[in-house]
Amino acid sequence: MSTLTEPALVAVPAAGAAGTVELTYRDAINAALRDSMTDDVRVLLMGEDVGADGGVFKTNSGLIEDFGPARIRNTPICENAFVGVALGMSLVGLRPVVEIMFADFLPTAGDAIVNQLPKYRFMSGGQCSVPVTIRVIGGGTGQFGTQHSATYESWFGHLPGLRVATAATPGSAYSLLRAAIAHDNPVIVYEHKALYGRKGPVTRGEVAEIGKAQVLRTGSDVTILASMLMVERSLAAAETLAADGIAAEVIDLRWVRPIDLPTIRASVERTGRLVVAEEQVHAGGWGATVISELTMGGVAWRSAPRRVSLPDDYPVPYSPPLETLIVPSAAGIAAAARSAVGL
Amino acid sequence: MSTLTEPALVAVPAAGAAGTVELTYRDAINAALRDSMTDDVRVLLMGEDVGADGGVFKTNSGLIEDFGPARIRNTPICENAFVGVALGMSLVGLRPVVEIMFADFLPTAGDAIVNQLPKYRFMSGGQCSVPVTIRVIGGGTGQFGTQHSATYESWFGHLPGLRVATAATPGSAYSLLRAAIAHDNPVIVYEHKALYGRKGPVTRGEVAEIGKAQVLRTGSDVTILASMLMVERSLAAAETLAADGIAAEVIDLRWVRPIDLPTIRASVERTGRLVVAEEQVHAGGWGATVISELTMGGVAWRSAPRRVSLPDDYPVPYSPPLETLIVPSAAGIAAAARSAVGL
Amino acid sequence: MSLREPDADTRRSWFSTMLRIRAFEDRIQELFMSGAIGGTTHLCQGQEAVSVGSIGSMEPGDVQTNTYRGHGEALALGMASETAFAELMGKATGGSGGVGGSMHLIDFSKGNIGANAIVGAGMPIALGAAVGFQMQQRPNVALSFFGDGAINIGTFHEALNMASLWQAPVVFIITNNLYGEYSPISSTTSGGPDLARRADPYGMPGVSVDGQDIDAVHAAVSAAVERARGGGGPSLLEMKTYRYRGHSRSDPARYRPAGELEAWKERDPIDILGRRLAVEGILSAEAQLGLRAAIQAEIDGAAERATAAPYPTLEETSSYVYAD
Amino acid sequence: MSLREPDADTRRSWFSTMLRIRAFEDRIQELFMSGAIGGTTHLCQGQEAVSVGSIGSMEPGDVQTNTYRGHGEALALGMASETAFAELMGKATGGSGGVGGSMHLIDFSKGNIGANAIVGAGMPIALGAAVGFQMQQRPNVALSFFGDGAINIGTFHEALNMASLWQAPVVFIITNNLYGEYSPISSTTSGGPDLARRADPYGMPGVSVDGQDIDAVHAAVSAAVERARGGGGPSLLEMKTYRYRGHSRSDPARYRPAGELEAWKERDPIDILGRRLAVEGILSAEAQLGLRAAIQAEIDGAAERATAAPYPTLEETSSYVYAD
């Protein structure tokens, strides 16, 4: 560990209400940032326009007023360098949260994310820790077009040294972000831009367990594994399926690294059937990884697993009917589940 | 298509001997570059030190002398921009080949590779084509350390619009590179730095078929699927296995995008058993994709598929015994195959 | 050649084109607000002189790259407003068959080889085209339009260095509208308000230009273009201008100091040229009114036809992914 | 404070440290050539004054980042040569327990917070440390060492812009050894041979320094460090120097013009300081000979002990991946 001492930053008053409250996904993120920064003076937020008018997605409202422009730090447009800056800050005792406005810009910061954050501690022989959180906004369905609809979360699952979380609900958005900020290793936390307005229960103070998936609905006929936007579509599919007499279990993946294989496996061992619902291309994604791991692990499939994914060979288009067609729908997920159970 | 006309570049004399010759992997690449540039004046090579002393890996010997510094173009150190430059060149009728010295630097060119090359034609509604080839040198076992041993080829398998090839032999190094350069879409071709000295037959003029894997050894007990350095280790494993009476089929994956599922499936349907030998982390890799696709496709596994991969949670280390331990060996591949056949 | 003074016809056509861009953008804003178009959009009202004056310096075979805020360049390069509307509506008759959208108005046949949604990505691409021209010994030039915010990203630096090193025929044009998203330049950009200075370390000429004065824009870009065409190498031009709207659809631009927008509107680029043309007897105030009405009618018709056009299918557009 | 003239003891210790670096690098070269060390290495003979003179300006709590060619900085910061040898041999007793290797001699306890194998990656990291100091109101400064080739990559530009914008206490040091791999500066770098000029557009001071003269190096870096420490913001320093060896183990450096190496050896940084110390009566020629022999013995012993040290195991090193 570094011999550097604790920073001499000024604390701000404690955050508002504890207990479970109903919040939007957007406000859950705001609360997680606010609570983390209140509890720990070493935490700061940086990125493009993070402190301007609540940030581009309005997740940061009020933060610059309460924490000031040093801790809510607007940056120039230069993702690679400002992720590197966050790394450097973490090495002298701070705990930066970096906002990357669209997941499509992660490749712009490619070197810092791939070669620096996950490997820095290792290359030093464990001399340092790198408590950097990257908040990134991903996903389609908003007609943002080919260069603004990416997820790419599975890429980072390929990298030892990283943790990768995905938030499907306000509760997860809060607790995952708090977990990331409290964690001593670099974590990428995905938010989905179509979910900001969703409401749900949030427990202030809750810190998610690293690497734990969440069973959101139980059922014995088929397991549906999903992340982010696909979670609510899977839950909707499960409703339809229930009407057909099919009991679907819905699991929110939550962590792409590490993947919670025990929870997923336990479910699939009961149901014998699996549908992965992915807003990503299947090749190279977590869905393939899960199916591979379960198959290698000797799961006894009652029917072949299925996937509902983005097309193998078609980027996310702008045209609204085309975008609707290619992003997996509740109906598509339900159809895959029906086919898995042989209906 | 662009209305721009053909360039007015000067042709150079035809290349040397045709027919099948014995070449090193290094010289096979040299020959592919030389033959492509001789056949087509639009082809050029660019990258850091590509024209200096034969390039860092000596693949480019003699090229600057024969084709001149405009077509063998040394660049400053700025991967993201010079891949973008190659894209721009392709839009006005050239066919650039870009050399990225280590696969670890692909993330430095992240935006150009992820958001530009594969999507450019799509976003324009098919108005252009992007005949850009990226040659990249990947892989470990040379004690290059944590930031110089990457492969990451599976990441690009996740991207519609790209093609991704991997060369395991001199013959493939030649024919894959020629195929890439002749192709009208962006292609990433992987070379492995441990293989440059290997010798093998090369057919001058041969152009590989896009998306075709290669069965290098037939056998009915187990299929071993490998790429790059893992191919020769798999062949060595097959030799050992043969001594034990196990007939292993060895397939060189060759293309990560598109993956040749028909060839792989046909093999696995015969053997019922599969070992994927990967110099990469399994999560998010092509091995998982293949196992997932075959399982979803209903392959009847005689035993659970196996993988021999880099560790899930340990980056490539420098220390020679550790590097040797973590990179899959022929013995490790053979052991997995034995366990697959139940021995 | 463009170094000649632009004649009356040319300047009249500039005026029309600026009006067309303005009317197009205003209509887009309405269509977004009414929900007839989804997603997001980045409008360029106030910046028309930069687009039109610069594009006016291009010759056949020249190319340019621009950005998500590139409607002005696309229309200045001759994309029909109907084609542009259709693209923003995601229709099959759009410039990219509807798959590109607001951030990607592209027309290779007119030298518009890319509108990029990634800040900084267009500069290396334009440079690549320019180096291609150089290798092919074609007498052509590439322009690259980008914003003030884009000068702080790595590709700016990387592209300018290579451009100067290779003396490539490329002209880099900063459309300095004082903001990158919600951030005023001074909060993101070191070295003071004069962005042309960023050319210095590359040994490249850098010139600041009044971006509201289309005659000044055209003269500066023409000089840089002819310099590049003649083998004199690249230039960096800074166009000082302003965007009247917020960054994108969802931005009310609350970060602007009071009075700033109004002050800039006093120097509206269309009005400036309009007054000149009237004074010089090239286009009377009355004729200008008629022109405005005609262009408004053209825009109305174009929007209507685009609205009526069909959406594309996956099948029709599948060939957009791979060539062959 | 470092702005004081360095005293005799200090300069004697510089001389020893430069000798230690030289002997270390020479031995590494032999070990590579004999196959006792594998992989690749990047040596810094000829550049010792830059490393030692700059590091000499650091105070406790200050930090620096450097590169794969960072053995000089690591030793100047006090890493024991045995620890460095062991790291290059991949031994458990190495600075990173053997998993880092030649390109990553790192010692957080001494302010050496990173040796990076990716060109340009260290600058933002040093800047981040500096901004951290600023936020924590610590009186510390971060230095960042990188090569002439690194000034053309995006992170250089991005880091310098932010550093100036935020007036961060960071000093950027270009070790200009005239080549990036096999490429002379002029073939990759626009704007002429004076690299300090690259600071201009950020409104940052840029100074070129004779990198063979350790007194000049130390004076320049001390001035920049004290300026930064006092809230005066960042600087860019160019150290004009030369590497005696090729880029890496496999490079015979055939690209050098005849006589260039010899001319630079005439201005060897160790000799320059050695002559001065003799003339000034601080260290006689005889004492210098004794020192050389002592350091050679130290290096011999260190290499021997490192050779005898054990390799690490996966188990021992598994905690290097994740903190917790």
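As written, the chains take the letters A, B, C and D, and residue 1 is the first residue of each chain.
Definition applied: a contact is a pair of C-beta atoms (placed from the backbone, for glycine too) under 8 Å apart; a residue touches a chain by one contact, two chains touch by 3 or more.
These numbers were taken from a predicted model, which means no experiment stands behind them.
Placing every chain at the mean of its C-alpha atoms, the farthest one from subunit A is found to be D.
If you compare B-D with B-C, the chain pair joined by more contacting C-beta pairs is B-C. Computed centre separation for the pair subunit C/subunit D is 46 angstrom, with centres defined by C-alpha atoms.
Centre-to-centre, using mean CA coordinates, subunit B is 36 Å away from subunit D.
For the pair subunit B and subunit C, the distance between mean C-alpha positions equals 40 Å.
Subunit A and subunit B have centres, each the mean of its CA atoms, that are 31 Å apart.
The residues of subunit B that reach two or more other chains are 75-76, 78, 80-81, 104-105, 108, 111, 115, 122-123, 145-147, 160-161, 313-315, 317, listed in rising order.
Of all residues in subunit D, those that touch two or more other chains are 98-100, 104, 116, 118, 120, 152-155, 157-158, 161-162, 165, 187-189, 317, 321-322.
On the subunit A side of its complex with subunit B, the touching residues are 80, 104-111, 113-115, 118-119, 122-123, 145-147, 152, 154-155, 157-161, 257-259, 280-289, 291-293, 295-298, 301, 304-307, 311-315, 317.
Contact residues of subunit D toward subunit A in the complex are 61, 63, 65, 94-100, 104, 106-109, 113-114, 116, 118, 120-121, 123-133, 135-138, 142, 154-155, 157-159, 161-162, 165, 317, 319-324. Partner subunit C is touched in their complex by these residues of subunit D: 152-158, 160-162, 164-165, 187-192, 197-204.
Residues 38-40, 90-91, 97-104, 116-120, 149-150, 152-154, 180-183, 187-189, 251, 254-255, 311-314, 317-318, 321-322 of subunit C are the ones touching subunit A in the complex.
Taken together, the subunit B residues at the contact with subunit C in this complex read 1-4, 7-9, 44, 70-71, 75-76, 78, 80-94, 96, 111-112, 115-116, 120-131, 160-161, 184-185.
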